[in-house]
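Worksheet: one structure, shown below.
By letter and in written order, the chains are A, B, C and D; residue numbering begins at 1 in each of them.
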Amino acid sequence: MSLDFHGVFPPMITPFKENGEVDDEAFVENVERWNSSSLAGVLVLGSNSETAYLTEEEKLKLIELTVHTAGKGRVLLAGTGVESTRETIRLTNKAAALGIHAALVLTPCYYSDHMSDAALIQHFTRIADASDIPILIYNVPKFTHINVGVNVLKVLSQHPNIIGMKDSAGNVQQVASNMMNVSPRFQILVGNAAVWMPVLPLGIRAGVLALANCVPDLCAEIQSLYEHNEVGKARTLYLRLLPVNHAVTASYGIAGLKYVCDLLGYRGGCVRSPLLPLTEKAKEELRGILRTAELL
Amino acid sequence: MSLDFHGVFPPMITPFKENGEVDDEAFVENVERWNSSSLAGVLVLGSNSETAYLTEEEKLKLIELTVHTAGKGRVLLAGTGVESTRETIRLTNKAAALGIHAALVLTPCYYSDHMSDAALIQHFTRIADASDIPILIYNVPKFTHINVGVNVLKVLSQHPNIIGMKDSAGNVQQVASNMMNVSPRFQILVGNAAVWMPVLPLGIRAGVLALANCVPDLCAEIQSLYEHNEVGKARTLYLRLLPVNHAVTASYGIAGLKYVCDLLGYRGGCVRSPLLPLTEKAKEELRGILRTAELL
Amino acid sequence: MSLDFHGVFPPMITPFKENGEVDDEAFVENVERWNSSSLAGVLVLGSNSETAYLTEEEKLKLIELTVHTAGKGRVLLAGTGVESTRETIRLTNKAAALGIHAALVLTPCYYSDHMSDAALIQHFTRIADASDIPILIYNVPKFTHINVGVNVLKVLSQHPNIIGMKDSAGNVQQVASNMMNVSPRFQILVGNAAVWMPVLPLGIRAGVLALANCVPDLCAEIQSLYEHNEVGKARTLYLRLLPVNHAVTASYGIAGLKYVCDLLGYRGGCVRSPLLPLTEKAKEELRGILRTAELL
Amino acid sequence: MSLDFHGVFPPMITPFKENGEVDDEAFVENVERWNSSSLAGVLVLGSNSETAYLTEEEKLKLIELTVHTAGKGRVLLAGTGVESTRETIRLTNKAAALGIHAALVLTPCYYSDHMSDAALIQHFTRIADASDIPILIYNVPKFTHINVGVNVLKVLSQHPNIIGMKDSAGNVQQVASNMMNVSPRFQILVGNAAVWMPVLPLGIRAGVLALANCVPDLCAEIQSLYEHNEVGKARTLYLRLLPVNHAVTASYGIAGLKYVCDLLGYRGGCVRSPLLPLTEKAKEELRGILRTAELL
């Protein structure tokens, strides 16, 4: 299967019950609803899935549910990166065996000062060599405090089993510069709705957008409008969604995203500690932001 | 005079002689050559002018030369911001008296921890109140380690004598977010060629671009192509210039920019200490970058 | 058992075999050798143990080996912090059941922007409430990009089951300020040999020092000299060890520390990927640093 | 005159009148009062003097007033660093001609990315070569966002006319490391009362302390107690002053320092815009901090 990324993917939230357990039923309901949206596929176990708080058993269960529920023809991605190279390989191949199409591999980051270019190259090369499915590099400096530089990318983009990168740095000039330095077959997906529309003129074709959890069709519509030469309309829609995106990422994070999901007909559910639930004041502010954006 | 910013401005370099003195003659030659380019105007005393190294006497002389040499119909901008509010007012009004159309006022930054929103609002408001010409805020976190936030901008953009901001942060999502929060009459100019093409779909109409010192017409052409619905061609030209821009800003700074000016028929001249002249190796690398971009 | 921290603890390295497996035998040999040194106790599963790369099974095995091998009277600490509150509680109580005296709990850090004071307070309070053994907060901004502020500490230091903090920030003024804001029973241990001697005049009585893996007695001697009013000798020894400490932490990290352990009679072993083995050049440089410090 | 720095120096505040003019009379009164304190000398035109807001004329006047008023036997320092090498030389020699003993030269910082080791070495070497008085490097990363690294220091500390460095980084391990890498004749003065007591065991003998503006004798007493083997008393006094120091630097900055000076019998006066005057709430908080420290 040759993977061509074109369109929008939600990095799916993981709904938790009040008692902290994963709410499988709510998760499945969300996937079913996303099946009826204009999405290119889904990502399970991304940052917005609170993956850092999941046990391996929970991770594998969520992968299974995703594979069994997601619509035919959707591209299925799973985040399988952990700190160690060997564990990442093990988990990636478990995901492959369960039916995932490509793995999203987070940069290791705990010993950030020693994650040199050479260390990152060794890590991703070993994983790509051993993985039964293609991998995508996952660059998210906001969480990892590491940025995949152009020198690393030049090397890794040559590996036949590394097919792209999800770049959540939100840095448009970096996206442009990276595109200049990788082969055309290497696909860059942006991971940040705040730059979704500005990167389209650069030739970017796919986005993994937290915002797509709650308004998947509108995220897809920005791209569709742009591709049909309706730049003005694309911009208007993008600017309208921008404050919502800011609220469900930077300001209120996953708790905010889940609350907005709840409001818009999805099942957000609880966050896991140490993340805190939203205050009533925050909820009110979020409802105001949704009303301003004409989503409520 | 109502100022409408549309097009490209070079933040003009200041050529120095070997002995460290300003080379007035070379400066005038450059301005004359820019007169024949598709530029909307010029900026004297920006960051690329090594303004931090100029005495007040030298600054005023450069303003005079600019006013006397620049072509009719060009918008003339001068950087007049220093650390103290009172000195900035004094210098701004001297620039106004000499014929400058609008002043670019740098955020004060030495006591960065205490440059709160309130402090910035007081500073710019007092200057705008007292200035004989309109002012533009100059946001350049790379040098000042201060970023003009949206709350400051909401307030300052209401002031009738503050007509816009040159934003050199290079952050496209910030540009988009700012546009949502200011009145339509408030004009945002970008100060970074690395984002020049990606901000055009957002509705940005002007740029003050270091790169415009050496390739003014190509910078202007990106915008012109974009505005004539030649997005593909605009992108191609933008991506072609991107490595050159990186070289004359991030990698080699003003010394690099001046050398490229020298190579392309302008008079770059020396930098002032503590800036260092380029090594031969750096010069060779720059020539290679220009050749790759088909500029040499 | 009331825990009084006085003296030096090594955050024990985890020797790996060439094939990447934990070398249990080498680990036990090290513990036995530390038993004969002037150490107050040991820490298993700290940052220098490459804990981020260990499975839970491996972690529990290392705890067991530590409890069975460490000398009588030694204080036994284990790092049990992971990202989620519930998993941290589970692991802490497993460590308690195996015989560990107190748990060192790392600040969660993946969603760093949302690890507010309130989130940290909730996290540590829940853990301390549920833990069968006392806990120590582990503050290491170099790895987590989070710093436990004085407001968090004021609250948490009131909890009867939170007995102290290992502060590896290396910021002496923060240590002094924290001491002013916690009750006398709350014990601050420093986690950085680079400040080991300067904090002694402040009243600090214990350190968990990477350097103590390879030169435990010399680390202990700095304190002993200081406490016997031999400040000049303490300083001389401290300054002599400073470049060695820099080499086995900042410059070469765990790979450097392990190599120096090998050279000084301990069993360092391999690091786990993505950490890279040392180059021959780095090894040579380390030998030079050891010779200058008269340790080789 | 061979300069031996031993003791405490205030980086003298510059009192301004309500109308923004320098209050020469108040400045002279302060110097006269410091003449009766246990100070080793004074620094005019440091960061706490709001030097960034002074014209050259004002700077020279303050130097003159300092030279004429300061007590016999006091070491007189003046900050003469501006961004350009040539202007710094000019100002340094004017200060020398007026009777200053040594010049404190700030690291240039506007083009921070290009202030490489080589650039800093060239800058300070040229100034030292041309200066009629000895110079001290002034390292204050909090304001300049530049840190003088050990490689720069190794070179510059060899220059016969560079006699030391005022290090305001507040980083004790850096102080220790620097001491290991410079010749014994090179003197390191700390510029931060928050580390004043912890650096004394390292052999540091002098401090330029903002706090010494308002409580000069207590700052000197910390050192005197320490040198008379009263470490416990030195620590107690240091810890007592720590919150006051934090308030007049980090929290409230120069406006806070000036208000505390006013309260303790000195003449603080106004700050210059863009610095903001204190709010009433801030003043109340400061009075509380002083009462807790038994200074009010």
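FYI, a contact is a pair of C-beta atoms (placed from the backbone, for glycine too) under 8 Å apart; a residue touches a chain by one contact, two chains touch by 3 or more.
Bear in mind the structure is a predicted one, so any value in this text is a computation, not a measurement.
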Number of steps on the shortest touching-chain route linking chain A and chain D: 2
Most distant chain from chain D, judged by the mean position of its C-alpha atoms: A
CA centroid of chain A to CA centroid of chain C, Å: 35
Chain centre separation (chain B, chain C; CA means) in Å: 50
Shared-contact residues (touching 2 or more other chains) in chain C: none
Topology of the chain contact graph, where touching chains are joined (line, ring, star, complete, other): ring
Those chain pairs that satisfy the touch definition: A-B, A-C, B-D, C-D
Interface residues, chain D side, partner chain B - complex: 20, 47, 52-55, 83-87, 108, 110-116, 118-120, 122-123, 126, 142-143, 145, 250, 253-255, 272-276
Chain C contact footprint on chain D (complex, rising order): 170-173, 176-177, 179-180, 192, 194-195, 197-203, 229, 231, 234-235, 238-239, 242-243, 246
